[in-house]
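Handing you this structure, nothing more for now.
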Amino acid sequence: MKILIIHGPNLNLLGIREADIYGTKTLDEINSMLRQLAKELNAELDIKQSNHEGEIVDMIQNSRNYAALVINPAAYTHTSVAIRDAIAAVEIPAVEVHLSNIHKREEFRQKSLIAPVAYGQISGFGYESYLLGLRAAVSIPKKRG
Amino acid sequence: MKILIIHGPNLNLLGIREADIYGTKTLDEINSMLRQLAKELNAELDIKQSNHEGEIVDMIQNSRNYAALVINPAAYTHTSVAIRDAIAAVEIPAVEVHLSNIHKREEFRQKSLIAPVAYGQISGFGYESYLLGLRAAVSIPKKRG
Amino acid sequence: MKILIIHGPNLNLLGIREADIYGTKTLDEINSMLRQLAKELNAELDIKQSNHEGEIVDMIQNSRNYAALVINPAAYTHTSVAIRDAIAAVEIPAVEVHLSNIHKREEFRQKSLIAPVAYGQISGFGYESYLLGLRAAVSIPKKRG
Amino acid sequence: MKILIIHGPNLNLLGIREADIYGTKTLDEINSMLRQLAKELNAELDIKQSNHEGEIVDMIQNSRNYAALVINPAAYTHTSVAIRDAIAAVEIPAVEVHLSNIHKREEFRQKSLIAPVAYGQISGFGYESYLLGLRAAVSIPKKRG
Amino acid sequence: MKILIIHGPNLNLLGIREADIYGTKTLDEINSMLRQLAKELNAELDIKQSNHEGEIVDMIQNSRNYAALVINPAAYTHTSVAIRDAIAAVEIPAVEVHLSNIHKREEFRQKSLIAPVAYGQISGFGYESYLLGLRAAVSIPKKRG
Amino acid sequence: MKILIIHGPNLNLLGIREADIYGTKTLDEINSMLRQLAKELNAELDIKQSNHEGEIVDMIQNSRNYAALVINPAAYTHTSVAIRDAIAAVEIPAVEVHLSNIHKREEFRQKSLIAPVAYGQISGFGYESYLLGLRAAVSIPKKRG
Amino acid sequence: MKILIIHGPNLNLLGIREADIYGTKTLDEINSMLRQLAKELNAELDIKQSNHEGEIVDMIQNSRNYAALVINPAAYTHTSVAIRDAIAAVEIPAVEVHLSNIHKREEFRQKSLIAPVAYGQISGFGYESYLLGLRAAVSIPKKRG
Amino acid sequence: MKILIIHGPNLNLLGIREADIYGTKTLDEINSMLRQLAKELNAELDIKQSNHEGEIVDMIQNSRNYAALVINPAAYTHTSVAIRDAIAAVEIPAVEVHLSNIHKREEFRQKSLIAPVAYGQISGFGYESYLLGLRAAVSIPKKRG
Amino acid sequence: MKILIIHGPNLNLLGIREADIYGTKTLDEINSMLRQLAKELNAELDIKQSNHEGEIVDMIQNSRNYAALVINPAAYTHTSVAIRDAIAAVEIPAVEVHLSNIHKREEFRQKSLIAPVAYGQISGFGYESYLLGLRAAVSIPKKRG
Amino acid sequence: MKILIIHGPNLNLLGIREADIYGTKTLDEINSMLRQLAKELNAELDIKQSNHEGEIVDMIQNSRNYAALVINPAAYTHTSVAIRDAIAAVEIPAVEVHLSNIHKREEFRQKSLIAPVAYGQISGFGYESYLLGLRAAVSIPKKRG
Amino acid sequence: MKILIIHGPNLNLLGIREADIYGTKTLDEINSMLRQLAKELNAELDIKQSNHEGEIVDMIQNSRNYAALVINPAAYTHTSVAIRDAIAAVEIPAVEVHLSNIHKREEFRQKSLIAPVAYGQISGFGYESYLLGLRAAVSIPKKRG
Amino acid sequence: MKILIIHGPNLNLLGIREADIYGTKTLDEINSMLRQLAKELNAELDIKQSNHEGEIVDMIQNSRNYAALVINPAAYTHTSVAIRDAIAAVEIPAVEVHLSNIHKREEFRQKSLIAPVAYGQISGFGYESYLLGLRAAVSIPKKRG
């Protein structure tokens, strides 16, 4: 079972800045934890990051061989219909994750354009959101199978 | 580590009705899965259900000896400031879970009054939402400790 | 054919107070008229009243042996997603009735959270709303049968 | 006791099209049922239909000899201040009826410009809405007399 | 100088009903006062009334030989883009008049679709609104000439 | 019969600036026309102007010996509850006038805080608005007397 | 193949007034171009115009023998639920056309009540909108057939 | 003179948690201060607390022998039409009190559903709000008597 | 302990006009009651009134030697950011009082720009609001001291 | 005459996914049809597709040698001010096309940021929208020339 | 070149209170810096401050001999149409400055009524906003000249 | 001191098109003026332009060695949360500049997503906005240092 992890814009700065909101783990550390959990769950991971909306659209369009996506769309959560449409167009279930609890933050961050096309959403658990998201992604095809 | 699970209104009907939205597992089956996972995670569970807003407020007020709450506030997610205030008043982290993806449903279901005082929110994975919620609840004190 | 009548909060005060809005009939007088009409229509009635949202949810959950509900949700018309969800969860048609014409009153009373899951709504005819509601309730299974 | 029934725009197509929303009875069949019920209730009926807002205003202005109106304003429910003003101007109670449950439909259909000047509103019972509306109309003068 | 007076829907009932809002003068009495004032001002009047939006559109389209219009669009003030477009299409200045002060009444009556294409608006002086409107209409070409 | 004319803020610049919106007459010229018309109508005028909200409140409070007010509140039309309350507190009818058609201008100028406590409103006829307003003011006590 | 063209209110004035918005072609000239194009496309045309909402509803109800409608609802685009319901009730595809680009104009003109029941919408190409609309109408049955 | 004091949901936790918002006095300490002030004012107190909306409705319905209510509806301030309707139904003046200044807090806490049926509202003075509320309650019947 | 009382615009008319809303006491009578209560509470009062927003800003800026303010901003409650900023700038606690229950009145009166910077708000008790406000003002420094 | 066709994000997946909304034709098939029609109309086509907002801005900036653009901005229709500004900056008329009828879809898809700077809009005719759009684009310079 | 600097309400308290928002410089210190910069730029300054809206209107009306205004309207930024109209009426360019970044503060402070009639706006640089504003003011006539 | 200047989308067209809104200077000319001013201020400049949101995010992430940013986000001002988050993530103060006065333009241009994370905003002075912005940027570290 292959899972694609997509990190959205500015997540390459994780652990370096604004640690009070996003935690002290770097993206590399989170990716390591994800790879270790994937091994436990017998899943294979590909992990990508981009600050470019169009590149993320491309990544999603090219995800046909994956069993599921785990995506943290970050800032594009609230502004990208293109990413939403890409997820809706491919038939692979997408798990939306957020480090911070977006429902506690600015008004405009509480509305996700992605959520209505996502399989489910996990928000607020710091790096644990990614680990829970990976577990969720692995469980979906099992339930369906 | 003791965890309190609170099921909100109408969840006693799970698996019996509207299976297309909420899945085919009964509440007892979900509770069994939760108890089994708790054992794996070395956690102790108490599980309660109520259709009464005031009773849920009472349950939360009496949760001081628990390490965390996992709560599916169901209909009260969208209407209960009293449950929100009870969660804010006690100092125990609360994980909000939903079976269905509330962000895909009616406008009024997309806004949670509980989320701004919850530690995090998990929504849309069917009974798996509860299992992920329990894992999340167990992970919180570890991170803090 | 068994019909369940549910009177919501504050309706136990009917005929005693605010007669200019709700009329001079007491709840007992309305119940007598309902029982007499039920006899004419060969229907059997159970009649309940509660000021507690949770109790009304319980009543609806326990209504499986009835052919239909006639419910005046009163104040909970505008605030209770829990009652809405209970009606949606059981498979019995619900007729929503109101003594006053709610569409003439305060802005917040013009929106019913119950109406989208009710079979139909009757509003503004005083105690006659209940009698029309009972007739409507009796007619539904006939049309379906 | 004379009652005037007014059918608004497009109701002349009843039973022919969109039967899933409006039912399979034609307007003639509904009119027959209304006439039969009127006989039982010792009421005399006049029945009119128009697709023209101005004609419906004229009908209402000329309704002074009737004890009550039963009106299904159809599309004009949501757009006609002129019909509202005509009902407010004549002193005859008006019962507003709708075949479908307008509170379940598009946002713009959930708001009635007519309801605040109507005696009461009945919505969602198919052709039965008309029969209940006729009963309601007959009951009003009795309560007042 | 020829002036066209257009009375909108339900104004044929003036003086007969709802005298507390619209005053006790009948439309005929107001028309007499208008004709007498016209004589004083050396203007020639044509006066029309209709309950039909389309007929009022026709009247306005056919008003090319008039120096100005005085129009009380009544209910169509708030709902008719067609009348607005007709006024915008002909090149004759239109004076909008209202018997009652529409800015004191229901929210929906406070917005006029006609006002942005009218020369000016007079509202709230009872029958005097028409007389002031006629004076205003007569003064416009003078200022321009 | 004594009438008080109140000119609001910036009207002292009339005829000097923004003539395309407000016309080419100066405030003195308008006042002369008002005084001449007052003579014809056997009315006595006092005329005041102020750029200060508080001074206009004072003027209105001191208007008890007048039969009516004619007020162009200008910018304060849209922002002054204090002027509204002063008009409501004294018992003298107030005629609200505007040079430009406020319903054609910026959104915020289309809402008058004064109108709901004014006797009536005249808007859009340039200096003629004042003359019509004076006629209206003179006609009110006659109708009442 | 028979196509019905319906021109809404005030379009009889085309080419005569407001040429800057609607162009300099008269309705007759547009109709000639439509007839010529119809010939090329082997379609048969009927063309109607009305300023009356009710008449347009009647026209649509009587369009059953046509393969498609091309309708410019003009002012009724934004206010007529009755025309919307008529189009929804008949089973003939309707192509909505506008001379001006309604999305560039006043806020209230940017929302079409007709569009959600139309097959498609063409807006902004002047008389060319009609020609494109006729081509579109002719193409629909071909795609379906 | 008998006064009923009603403490709404979560107020039983006063002084124990969130002291920065609600102060350090426990509910028992506040009740003692209220009883002492009542003695000074020659009033008799009954004091109740509940987390259940329905129980608070019951308390209000049973308050007929009291001269006035002092109620802190807490979370139900913003969500309970049932409590509002109960207050409107009984004829006893109700003084609404809040420990914190609700007008400084979250948007949803700034709107009280109770205030429009309360005699008056006191907000923001900590436990002093209750003491002022009791004084206010005692003063009302005196002014009326 | 010195307290400053500020009466906002139009309050100089108290007891003379609109007694049904604001009561029959004159401002002088209220001031006498305030002075008498101040004596009981060992407080020294200065009392000012103005119809001018700028003067009220000046008064507040010059209040540094007072222990607290009691202010009824009247109409400026809803429109004055300048008064709000003045209160925020000086460090003296301000008690906002209203004679009428502003939460029962027009929509625009239900929002106070002052409340978010006030210590607390008392609304609806007629002249008693001032007396309660004075008690509140006197109690603040005690609690703090 | 050279025309530039721009296909926005996700349109490279046409015909492969979500055929119920967007039809079964692939982008290549549509491009072939466009090229064939261009030949008939004596126009020369360039066709581009991108998932990147910035690339589409670049394409438009570089379109100076074209007589017109035909653009389906897809998801960027609703979110891209940058594309809007690029179209406004170049002086080439842009025809906006949509495969689906965007006015029938989710609320956020009904508003186009592009439309106010487009020459016209064609929506809902499937691949035919492009063909009509090309015809429209070709007709514009003719009308102007 | 003469420039008029206008400081709005409460700015006389600068440097004394709320230094965390507005900085520690007093108004006198800012004025000194302005005068020094003016000397460098060969400009002549007049500097005024008022807490009164009407006085600021007067100042602007009397500014005809100045080349430009630099105005910090402070609280009146958000509430004064009178100051807006005064700026629009005189023909002198106005530079709007703010010490704090108003776009970061309360919702109501993010909207400026003045900005649409100002030449430009500078916000958030503390006392530097004034110095930049003076430079901007001096540069305007140069660009125009 | 090193300063980074970022020009957003479409600014490469400056001086070439829409000179009435954005002025006649080309981007090169503005950059020359900026470099000359930088020399005067002893600052070192890097200047970049991009039409791609993601590239601008990258530029900001790579700005750690600069003392400040001056950014004209152009169209992305109103739509890019990604740029906002990038600015918030790096610790370098950002000065937001706009050529046109965005507060005078379309509603959607009046709201900046960037402003709440910018140090300050300068809008409306044409190319002068950049020069003022550079001065502001240079002054920030001085004040802090």
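Letters A, B, C, D, E, F, G, H, I, J, K and L mark the chains in the order given here, with residues in each chain numbered from 1 onward.
Methods note: a contact is a pair of C-beta atoms (placed from the backbone, for glycine too) under 8 Å apart; a residue touches a chain by one contact, two chains touch by 3 or more.
As the structure is a prediction and not an experimental result, all values here were calculated from the model.
Contact with chain B and chain H alike is made by C. Here C-H and C-D were compared by C-beta pairs in contact; the pair with more is C-D. Listed options B-H, C-D or A-B contain a single repeat of the B-C interface, assigned here to B-H, on the basis that more than half of the contact pairs agree by residue number.
In whole angstrom, the spacing between the mean C-alpha positions of chain G and chain I is 63. Inter-chain centre distance (chain B to chain L, centres taken as mean C-alpha positions): 47 Å.
Across the assembly, chain I contributes 52-55, 79 as residues in contact with two or more other chains.
Every pair of chains meeting the touch criterion is listed here: A-B, A-J, A-L, B-C, B-H, C-D, C-H, D-E, D-G, E-F, E-G, F-I, F-K, G-J, H-I, I-K, J-L, K-L.
Contact residues on chain J toward chain G in their complex (touch as defined above): 101, 103-104, 110-112, 115-116, 118-126, 128-129, 132, 135-136, 139-140, 143.
Chain J contributes residues 52-55, 57-58, 61, 79-82, 84-86, 88-91, 113 to its touches with chain L in the complex. The touching residues of chain B, when paired with chain C in their complex, are 9-10, 12-13, 17-18, 50-55, 74-76, 78-79, 108-109.
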